[in-house]
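Letters A, B, C, D and E name the chains as they come in the text, with residue numbers starting at 1 for each one.
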Amino acid sequence: MSHDDRAGQGAGAALSAPAPLLEIDNVTLQYKTSEHLVTATKQVSFKVYPSDRYILLGPSGCGKSTLLKAIGGYMAPVHGAIRLKGQTITQPGPDRMMVFQEFDQLLPWKTVRQNVEFALHASGRLKGREAAERAAYYIEKVGLIKFIDSYPHTLSGGMKQRVSIARGMAMEPDVLLMDEPFAALDALTRRKMQDELLRLWDDTRFTVLFVTHSIEEAIRIGNRILLLSPHPGQVKAELNSVPVHEMGTASQAQLETRINDMLFAH
Amino acid sequence: MSHDDRAGQGAGAALSAPAPLLEIDNVTLQYKTSEHLVTATKQVSFKVYPSDRYILLGPSGCGKSTLLKAIGGYMAPVHGAIRLKGQTITQPGPDRMMVFQEFDQLLPWKTVRQNVEFALHASGRLKGREAAERAAYYIEKVGLIKFIDSYPHTLSGGMKQRVSIARGMAMEPDVLLMDEPFAALDALTRRKMQDELLRLWDDTRFTVLFVTHSIEEAIRIGNRILLLSPHPGQVKAELNSVPVHEMGTASQAQLETRINDMLFAH
Amino acid sequence: MTTSNTVTTPIEPYARPEFVLDTQRPETTEVLRPLSLFESLYRLGWLRKTVILVVLAVIWEIYGRWLNNPLLFPSFSDTVHAFGSGIYSGVLLERAAVSLQTLLIGYGLGIALAALLTTVAISSRIGTDLLETLTSMFNPLPAIALLPLALIWFGLGTGSIIFVLVHSVLWAVALNTHGGFRSVSTTLRMVGQNYGLKGFSLVGAILIPAAFPSILTGLKVGWAFAWRTLIAAELVFGVSSGAGGLGWYIFENRNQLETANVFAGLFFVILIGLFVENFIFATIEKRTIHRWGMQH
Amino acid sequence: MTTSNTVTTPIEPYARPEFVLDTQRPETTEVLRPLSLFESLYRLGWLRKTVILVVLAVIWEIYGRWLNNPLLFPSFSDTVHAFGSGIYSGVLLERAAVSLQTLLIGYGLGIALAALLTTVAISSRIGTDLLETLTSMFNPLPAIALLPLALIWFGLGTGSIIFVLVHSVLWAVALNTHGGFRSVSTTLRMVGQNYGLKGFSLVGAILIPAAFPSILTGLKVGWAFAWRTLIAAELVFGVSSGAGGLGWYIFENRNQLETANVFAGLFFVILIGLFVENFIFATIEKRTIHRWGMQH
Amino acid sequence: EASAIRVSHGYGILYLPLMVMRDQQLIEKQAKKMGLGEVKTTWLTLDGGNVINDAMLAGNLDVAGTGAPGFVTLWSKAQGIPRSEVIGLGALSTSSLWLNTNNPNVKSLKDFTPKDKIAIPGIKTSLSAVVLQMAAAKAFGPENYAKLDPLTVSLSHPDAVGALLGGKTEITAHFTSPPFSYQEAKDPKITRVLNSSELLGNITLDVVFAPKHFTESNPKLTQAFMAAQEEANAYIAANRKGAAEAFLRISKIKMTLPEVEQMLADKDTQFSTTPDGLMEYVSFMDKAKTIKTRPAKWSDMFVPAFQTRKGS
């Protein structure tokens, strides 16, 4: 199993439309504050199919995190519906593992190792030695094996974010929701993390919803890219990414320019 | 006064070495945790001259934030000394304005406007209407005028970061310390922020120390780039960036490759 | 390590055509879902609380009647009746006013001292030690331990009661405030220092608002214990001339076996407690920590 | 808007040659700065606290002697002397053991009830209302308000004292715990829900550790108030026969005007307070919130 | 001589002379007679002997009425401590304490079983506790004075009345003074086991005392006070209705006039300044080792004016 499997994306399944895994149907999301009502996204509709690497791309404040939170089950849409396998989402759960944008998403009272293990225990995924092995494996993958027994507050911003990524991946969930997970990482580490994510996808073919603000990253990681308009977020377009074997060729550059133009044009 | 002034960098001042504004002299920084001692940076020395746009570049966890905190006066080096205008730094102060890496650096009990204004009041920079005008000006620059009366917890990650940037810039300090300020921003917003920073520099020629993990950003923003080795951070090299008029030419690409090679080679 | 099955052909994402939408597309009408009657009633905070209060009152009434021992535990209706005539005759209001005045002075002084002590505590290590030591020593001491000093310093009467009140407010508020200060995120503290704030100005501008949830809890606990102490203290220190507070009222009526009046006095304390919680503290919370997103 | 001077030529950054260093360069020896004697002594927490305690003892001694009113306020040395002979004769230890036992039961029960109540409170809106209402009503009530019910339900003696102790611990701990729960960051709460945690498991696995600083404060306040209440309650609710606790010891000696013994009893309370703070609570803090970086 | 005096009285009928003095401003009147001019009196209502002791030791109080055993303890403990010594200004009152029970099986002290609980306000050391011990000594022999102690529980008078009349609690008996004893006796379920005056005679229950240095530096004021007390006692004896009215005015107790008068009519309730039976307390407390210095005779504890009186 290699990265090149992804090259044939769509070829095998083009015959009939499968049932969408996740259906965002005309969803409007709002926040009620004591002063006013903020509409974060407006009438957003899109479908995520099994094994999609689905990217949400849009300017700061357009409602990407809010959308992810709604899919995670933390917010109910004021209008429209979000369905997972045909069922309306009513509450959070370990079937949709979330990597948040915030640095404070690690449990401060658990070490790096315990943070990853606890996610496995609490969600009933794995227990005992299996959980320990799985945790160590992914912590090693994000390059933090030296810090495996450190508490989160002794880690740098990027290191914390990597622990969250390890935790998310270790859960090997059906749907992984990632909110700008690589934002705090330097170019080299980021590249390594991207590769790790793709390798894991190759292995388990999970579905991932990935928020990013890097067009390059979107193309590299995703197979399908949703472009959102500025605040309040509305769908601008849904594009296919380039297959892996065309990465680094003109078609990648072309797509990058196209997305750039679509986002930056008013 | 235009960006092209930066083209002539070094030409006017090449005659004699001015006194360094900031001198980091063989500095070792350590954290004491209840379990062990973590060395964040080891024997780091460099000099920042007035009006430098000095970039710290290095992998995640190499001690960039720690160095910035030490310069900010929040940590004392266990060895070596940090001098500002020849004086050893002993405490924090508004002469070194800091933009932190964390999202929670805004005062949650103040609106966006109050956050910026309060920085000006508390530090004794400006009062009354002047402060209000300056605050509004910079909040407009970071594109948050619509959210000027919002409380921080109602902002997205990137929006919070932009308020911090506005606050840092509004202080128009002698030395601005910025820790990955643009990490949470999308490509477009990021570009706008970079331009804004450079424009401000053109106007006031302040000194800025800027942590980033984007090589492209380093070259675009800085005139001088410090490369740090992985944990514990040590100085690898100090390079000059390309002048503004060579931006986008081969020399930029060349420098990018050079830095890439230096950082990613083991 | 990974759980994929390598035998079957791997699933491929479904390939589908791209699309680009016009952002200026016509608005579809949005209809907000209506709430059920129960839901919309349940949303009313005052209604929920009223229901709780009514249930408590009913339990009291039934238990009181079943017990049928009005000398020891009068029923709710007896108490309300006694309360009504106490209010009508003006005596309860008068006594409550005396008590409230003393209480507020003691409470205010206690808070001021707590502010001072925690500022000292947060500014230096020996300050922290001082607060910790004083608190762990004096906080467990009952009022009788203070009695001799109170009598020597303030004599019989309000001065001593206030002294005892301060003792009951000070440590709880100081502990909560100091705990809150110490939990303030390092980043916020660094931001404050970055502005050049130090000592009192750092405490006032950064630590107090950042620790406000803890401080409010401390204020609530302190308020409650001030009441408890006041009622007990008024009993010990007696009355000098006529003007006793609620504590004395309770004591007097207890001696006369007017148990309904005793409970009317306590009922007044309960009412004041409910008022302070639901109007004063709730307003403060709404205007501060809720608005700032510090508590959910 | 900006403050630059457009007339003079703008400052240009100083141009200097690039350099590349070998990361494998030889280590220069690092010498850590030595601390001054005062500094190294000041760093010792126990020494700082001891100094504070000695200063307090000296003040007590001097004031006591100056006052020269041993029936009202004995000096420190008299107290220590009485304490010594109380310990030597075993009576103080015996009384303290009785008190501590009652105290721990009441304290434990209070904490358990507080845990239950806050879990209910955090799980639903009406739960929150219930906690808020009960707390604001009952927390200000003094122990005498509970006396009739205590008498009927538990009779005089330990049962009633425990009931009163629970009353003094429960609300303070519940207020602090609930305040702490509500201040837990939304992100952490969402992380817990993401794992599928709900109700008790969410409280146990996420909210309690995340709110631990507040809970600890609550436990400290509750502990102190439990002591205060115990000593007062032993007096009010009496002891049926011989086996009284420290409160009774204090009361008895007060009646017999053995003031040094009264203060010896209080001194014991102070010592226990210091012990609990510096050994039990300090250890808990060190192992939890300090280690987790939650408090500074 | 001071131009102000601070006096405290307690709550019940036993403090009637002090209340009459307060009501009719007898101290002021007597002081004027002695040529002291306008004397300002401050009256305090204090409950419980401890606070009175503390207030007096702290110099907040000049004259107070308190229980006889408490006074004996304070007098004895303060001997030899210059600023703390106290001295009696006279007896205050005497009355009978009743031991009431709601247990029909209890007819005499000997019928109490370990299941019974006797409520008194403060076991072992309070006035009721000491009187009960003295009664026990009479009933079971001097060495068995503490025989009833295991049955006693501390409970304030009002709560004990509630518990005794209401039933449903472990309290089966209450040793108490008027008006509580009367209140209980009205209930048909209640029977009286013991009347203290029948067993011990009309011994003084409460006394009036002052700091020794106060009496020494204010001899005239002290004298005025004592004269005022005599006048009050005379008034009570002569005018029961007026005294009852004064009681209701000062104590603000909600009782009817006839009820108060009935209490005053009780032959066991007497107001006299001459102590009676104080030495019984002394020898009893000496035996129980609760006092350190024993007065040779009762008048040692009182101002010199009492040397010639024939109390006990």
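Assume a residue touches a chain if its C-beta (ideal position, glycine included) is under 8 Å from a C-beta of that chain, and two chains touch if they have at least 3 such contacts.
Here's who's who by UniProt: A, B = ABC transporter ATP-binding protein; C, D = ABC transporter permease.
Note that this is a predicted model, so its numbers are computed, not measured.
Novice: Just tell me the minimum hop count from chain B to chain D, counting one hop per pair of touching chains.
Specialist: Minimum number of steps from chain B to chain D: 1.
Novice: Going only through chains that touch each other, how many steps at minimum separate chain A from chain C?
Specialist: Tracing touching chains, the least step count from chain A to chain C comes to 1.
Novice: Quick one: name the chains whose C-beta contact count is the highest of any pair.
Specialist: By number of C-beta pairs in contact, the leading chain pair is C-D.
Novice: Return the distance between the CA-based centres of chain B and chain C, expressed in whole Å.
Specialist: 44
Novice: For chain C and chain D, let me know how many angstrom lie between their CA-based centres, rounded off.
Specialist: Computed value for the inter-centroid distance: 18 Å.
Novice: Which residues does chain E have that touch at least 2 chains other than itself?
Specialist: Within chain E, the residues that touch at least two other chains are 54, 57-58, 156, 159, 162-163, 168.
Novice: Using the touch rule from the top of the page, what residues of chain A touch 2 or more other chains?
Specialist: In chain A, the residues touching two or more other chains are 102, 104, 151, 154.
Novice: So which stretches of chain C touch two or more other chains?
Specialist: In chain C, residues 67, 69, 72, 148, 151-152, 254, 259, 291, 294 touch at least two other chains, as defined above.
Novice: If you go through all the chains, which pairs of them touch?
Specialist: A-B, A-C, A-D, B-C, B-D, C-D, C-E, D-E
Novice: Going by the contact rule at the top, pick out the chain D residues touching chain A in the complex.
Specialist: Residues 185, 187-188, 190-197, 201, 205-206, 209-210, 212, 288, 291-294 of chain D touch chain A in their complex.
Novice: Enumerate the contact residues on chain B facing chain C in the complex.
Specialist: Touch residues, chain B against chain C: 69, 72-74, 91-94, 96-98, 100, 102, 104-105, 107-109, 118-119, 122-124, 151-154.
Novice: In the complex of these two chains, what residues of chain C are touching chain E?
Specialist: Interface residues on the chain C side: 67, 69, 71-72, 147-148, 151-152, 155-156, 235-241, 251-252, 254-259.
Novice: With touch defined as at the start, can you tell me which chain B residues reach chain A in the complex?
Specialist: 31, 33, 35, 38, 57-61, 63, 65-66, 101-104, 149-151, 154-159, 162, 180, 183-190, 213-215, 260, 263-264
Novice: In their complex, what parts of chain A are in touch with chain C?
Specialist: 1, 5, 8-14, 17-18, 26, 28, 34, 43, 49-53, 78-79, 133-134, 137, 172, 200, 202-205, 223-224, 229, 234-240, 262
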